[in-house]
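The following pair of complexes shares a single chain, subunit A, combined with subunit B in the former and subunit C in the latter.
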Partner chain A sequence: MSTDTAAAHASASERHVVTRPRAARRTPQWRRALSFGNIGAVYVWLLIILAFTVWVPGTFATRTTFEQILNNNAVTGLIALSVVIPLAARVFDLSVAFTMTLSGVTVAHFAAQTGVGVAPAVGIALGVALLIGVLNGFVVVGLGVDSFIATLATGSLIKAFITMVTNDQSITGVQLLRPPFSSIAQTDVAGLTLPVLYLLVTAGAIWFVLERTATGRRLYATGFNPDAARLQRVATDRLRFLSLITSALLAGVAGIVFTSAIGSGSPTAGDPYLLAAYAAAFLGATQLRGGRFNAWGTVIAVLLLGTGTTGLSLASTPQWSTSVFTGIVLIVALAVTSGRVRVPQRMRRRAVATD
Partner chain B sequence: MLGEMEVAIAAPETQPAGPPPVLRLERLSKTFGGTRALRDVTLEIAPGEVHALVGQNGCGKSTLIKTLAGYHAPDPGALAWLDGERFELSGVGDRHDRLRFVHQDLGLVTELSAVDNLALSRGYARTRLGSIDWAQQERTARALIGRFGMDIDVHRPLKEATPVECTVVAIAAALEGWTGGGVLVLDEPTAVLPHTEVERLLEIVREVRRGGTSVLYVSHRMNEIFDIADRVTVLRGGRVIGTRDVAHLTPQALATMMVGEDVDLSVRREAPSTARPAALEARDVRAGVLRGVSLAVGEGEVLGIAGLPGSGRETLPYALAGAWPGPVSGAMRLPAQSDAWTDLAEDDTARIPLVPANRTTEGVIGAFSVKENLTLPMLGRLRGRAALARRREDDLVDGWIDRLGIRAAGSDAPITTLSGGNQQKVVMARCLALGSQVLALCEPTAGVDVGTRMQLYDLVAEQARAGVGVLVSSSDEGDLIGMCTRVLVLRHGVVATELTGDQITEPNLLHAMEGS
Partner chain C sequence: MTSTPTRWSRAVRAAIVTALLAVSALALAACGGNSASSGSSSSTGSAGSAGVSAADKVAAQWAQRPTRIPVTQPIGKPIPSGKRIDFINCGVTSCTILYKNLVAAAKSVGWTVRQINTAGTPESVQAAWKQAVNDRPDAVIASGFPRAVFAQQLKQLQALKIPVLESSTDDVEGNGIDLILNGPKDLRPSGQILASWIAKDSGGKANTLYVDLPSFGILKPVRQFFQQYYAQWCKGCKSQTVDIPVTAIGKDVPDRVVSYLRAHPDINYVAYSLGVLNVGVPAALRQAGLANKVKTIVTVGDAENYQYIASGQSQAAMAFSNVETPWVWVDALARTFTGQSIAVDRKAQLPFMLITKNNLISTSSEFPIVASYQQQWKTLWGKG
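This part shows the complex of A and B:
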């Protein structure tokens, strides 16, 4: 992962580099990689683990708790990753939670109430998600509606459609409770369930696309300055369209995994995930790549937020405390990286510039 | 190192004689990380003078202005006086009655009218009921702007106003509630102005001076300084090289002070000795205000496009580069690639590399590094099997950084840490790296200092010698005189005049552009 030189950081807010920094002044790469500015959330995460270990001795610092945190947050992670690629291109997809729900009830319906079998049911659910992606792309790119409001609108339509066909009833059936369908999410590998693996594979794939390929560079260019990108022959419209397809497909995957995990197709499955996804993606953007939406930063953010909420529930705090935790972490993280808030000088010198 | 270099200048150092200075700075230094942007700067502004501040990009001008404005805190030890009274540079607020700023971006809200913009700084006039007293507000705005002999519609959004009108509104807003005296700081007020409107702005600066206010005038443009300034302070490498009376200086001597070595300002390009085949031909191009322009750029020719704002001068390169957002018609061909004519209305794939007119909004991507900016249009070529070939990308970028002498802390440095001139070099390198036989440059030297400007001229000349056909559209006559061997002057969307060789002079260009 490319990082910038220390001198460049120090003068990032300044437009003029007056003297060429000496090579000897460079901070070693590992120190930059481990700096607070780069992976502050990891340090905060460790601090939280330490705090809960002291606060809830016996129950928190156990293998079971950690497996639980990973397993419980895999779906959150998937849905958070689904919005990373659109956000890199400065496109909001607020319909992902509803796409997730729709894909979940679709797979439940076809797997439980028709005789088509599991694999075709999964295929149909992904096909439906793909259609949503095309619809979003058409409204945002084709009709030129601002993505924030456009996907809010398509989300509303999807929600209406879900209510219409499910009558707000969960779709249940024995086929959903036993293999092969249940094994999509309920297979254990060394204490961890398969969704954790899906999360890591997806994060790896998104990292590769954004960091290592021409497409990723062009996605970021589209997000940062679409006019300049277009003048450099970047097909910004096509990329924005494709980014909405990827978010819909990933939300579709998350929906299938969620349905398999709980064993029924819930018409409200996605509702709690929208805010969590954007919280993690924005918190993740403050990590590793200083201001760029990225995959591993998002995963770190999901784990940080997940650990906090799990710890709080183990500590038997009131239910609302987890929302308080998420809200405070988000505001603090984004405020620190906005540059308005003064961090102690010693931390600041190593902080990555994020403007 | 730089400070030890002796500069032989005939003009004597001016003495702070007569009335005490209205603004005085002493021992002002500013360090960013390991970079010393300002070193021990001393500056004195006399009452009622226009004091120019000049220097190449990266010399510390912007840092000095920002420190003065309280945006940056100076290193400890700096001293500052206003009208003989000490004030703290790191504090904000206490200086604003006698020291005001018009920054380069003007700080206007272009969606709002002049009335609203003026009210943003001075507050709205209220009626007794507490609602906005629009009649009063309008009278105030007209009075403020009328002082500068400007008659503008104060209710129109500023985005419909001309650049000079916007500058006037910004100056009026800065001078609000002013009783004379003090210092008005103008940071590159003419950077975005077309040449023909500069004189109007200079008249406005003179009007400010007549009101008894001193002006600290930051500019890149040599002739403005000789037109308007009483004294000039030159910065180089963060140090003050000297303060001189303008009356005792020549442009040559001032350029030498800025660059630190002798500069020949009287460049003139040799035309290609024989007629060469065309590198680019275009027929009947129509886009925006363009009403049918045909042209041919020969191999090794640098063809200038001149014209007033709105003449189509700004539109033509975009239309040819396939980058004009509106409908385009006409045909073009690049004989080196194919003899077939391309219909511009249907096919915009025959694109030629373009240096866009506005570096910050269209040229560079601020959040990207030097490398990411440079390789953006050629990522397809740098692809390995699936991922980018990172070694090849690094080598390519390092090669261009070397070749163009781009001053950056490395290829991964954020582009915004580079000075304007160096950013422009990156934009230029990006075009050259595409290896096209035709280039289109818009305002190639906007906001670029004298030294870099000469380097860019040389670079274009070098490309021309290698057989590349270059199209240069510029509002700066210096560009056209310094680079071009032939100039097409546009008026009302058509080619009005063609100037070649020795005909390309400033009077001829202005005459042709205005059609007088």
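This part shows the complex of A and C:
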């Protein structure tokens, strides 16, 4: 029996939980694709865009706002995408924020203070991120520690290491403010900066792996039911190990991009991104793929939340309004999803009663 | 055929709920304004130019690098050696800088410093102060802690006659705290430096966005002094304020500032109550096409902002030195241990400086403002 069969079984099992089998077969595919249940956040997003267009007509509905939302949320998108693959395999990586910080201060140190050049500095920073991924994989898979606790612990160790090395002070240097280093994040192409391109390429790559390859199906199978997947000879441990390496590498990329964007290596760069990354990944899981963690749903979630932040700032609202907005949007999107899970059961009961 | 109406009714219900929640969120957000505007657009003629002239002089004074430390009275008695100081580290960069320089200052008079770390939570702060009480040091020094968090331990330290010194806290001396440096009363120069530079640089034609961090109580007097002097020296100028939550630092401050500037295109100056608020903003301004439309100044310059000034991405900063503060603490303790008044230390005005590209001392966040500060303090202490 092939491992793909196991993945397909797990996938079918998961669809059974989160979709409505009878109604879905009768509904045209395009209507399902555009249904509120499938892309509810997109409709919420459109509603919000409409609201801000009416509220701040002079400044919101402009190309500059479009560019601003994309440019200012690219790093959040990258760090959110970094947790999608581990979450698909039901692995939490809570160390991504610290890995992002570590790669940021590493690239800043080597680019600004050693004279090794930008490309080697980027390579070293990615190497450090890779090492963190291997460490996480060893602790989670090798030692069998629960990923939530394990990556919390490794994150704490990384944080301590960052403090020890940087003395909690930002790493600066004129080399970080000018090309070629600044070009990594500040190169502008038709109003959009390179991090937007990195975000789209990364999302496309993750989409391809998860949706178009056997590895992706095995990752989902590992996440849905690891025991069943293992019985079907899916190398679940290897996939979980690799998922942690992927998240660390993507967090490392996010750290390098962020450092290039602000022009310094901040010892606290990643801290504010952890909750935002998980909020976007979970909100994204409610979109497009019916409960599965997926790349484009995550991108939609990041841009939806980013649109709110930018719109509220353009409307000069109080400082707390962004938190209110984020909280309500998350509740709405997740409430809609929980409705999707329950409705099929009710429909099934009704169908049984009718029969 | 019942499934279609069921789906539609569910979709409609969900849409209505979503719309209501979204609209309520936006309405809630719209309830309060984030900005406060003040000032008059009408020029006040000679009064206005007189204000700008006054601002010009003040800015020029603050741009001069001080050459003298803020205390000139020698100790006059031998300073006892072997004293043990406990320093409670607040956990942020500035506290670590204070600790490093406290160690250097204490070492010059033969004292040792023990660092007690905190994790930022009230519990960990209380635990640190309890540890200091149990340690029975010769003095306790800390920075940035509100009295309410360690009130009980402060009473115990007072009963044990152990001096307690602080800095950068929104409090007043007395009831157990012997000395507060950079307290609210000492922050007048911050407001003067920001207001004088903007008034001078704009020629009295500024429309300033003041970006503040209200959760830091110690920054409140900076805003008050800025508004006071801005109104005095820049009579034809306007100002607006935007408050930033502490959770936005390092994440979406650039987005918030850029959005505000786009919504208010007549703003031509931005003043930050803390340097860290400006980190990442220059790149965001450039991407939004606003780089040459506004000039910026920050309070409490740091390495990032000095780099921005050096590269022309930001224009000015108020430099404030954590390097020199610990030397005033040691001076106060030396006077206490030799039975003298610490009135000179209470009156000491720590050095501030207006930094622009023309007089930038260093792009490090740790440079001393008075170059020969160590030698001058050691001379006062009879160790020179």
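Here, the second predicted complex is superposed on the first by the 314 of 355 C-alpha atoms of A that agree within 3 Å, B and C clash if a C-alpha of one lies under 4 Å from a C-alpha of the other, contacts with A are read in each partner's own complex, and residues count from 1 in each chain.
Operating definition for what follows: a contact is a pair of C-beta atoms (placed from the backbone, for glycine too) under 8 Å apart; a residue touches a chain by one contact, two chains touch by 3 or more.
Bear in mind that the values here come from a model prediction, so they are computed numbers and not experimental data.
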{"item": "First, second, both or neither for A:Y198, with subunit B first and subunit C second", "value": "neither"}
{"item": "First, second, both or neither for A:F224, with subunit B first and subunit C second", "value": "first"}
{"item": "First, second, both or neither for A:F98, with subunit B first and subunit C second", "value": "neither"}
{"item": "Contacts of A:F325 with subunit B and subunit C, given as first, second, both or neither", "value": "second"}
{"item": "Partner chain in contact with A:L47 - subunit B first, subunit C second, else both or neither", "value": "second"}
{"item": "More subunit A residues in contact [subunit B versus subunit C]", "value": "C"}
{"item": "First, second, both or neither for A:R233, with subunit B first and subunit C second", "value": "first"}
{"item": "Touching partner for A:F36 - first (subunit B), second (subunit C), both, neither", "value": "second"}
{"item": "Intersection of subunit A interface sets (partners subunit B, subunit C)", "value": "22"}
{"item": "Subunit A - residues contacting subunit C, complex", "value": "22-23, 26-27, 35-37, 40, 43-44, 47-48, 51, 55-56, 59, 64-65, 67-68, 71-72, 76, 167-170, 172-174, 176-178, 182, 185-186, 188, 191, 193, 261-264, 266-269, 271-273, 276, 306, 309-310, 312-325, 328-329, 331-332, 335-336, 339, 343, 347, 350"}
{"item": "Residues on subunit C engaged by subunit A in the complex (per definition of touch)", "value": "2-3, 6-7, 10-11, 14-15, 17-19, 21-26, 28-35, 92-93, 96-97, 214, 242-245, 247-252, 254-256, 258-260, 262-264, 279-280, 282-284, 286-289, 302-304, 306-308, 310-311, 313, 363-366"}
{"item": "Residues of subunit A defined as touching subunit B within the complex", "value": "2-12, 14-22, 25, 208, 212-214, 217-218, 220-221, 224-225, 227-234, 291-292, 349, 353, 355"}
{"item": "Contact footprint of subunit A on subunit B as seen in their complex", "value": "32-37, 57-60, 62-63, 237-238, 321, 323, 351, 354, 356, 361-369, 372, 375-377, 379-380, 382-383, 386-388, 390, 407-410, 412-414, 416-420, 422, 430"}
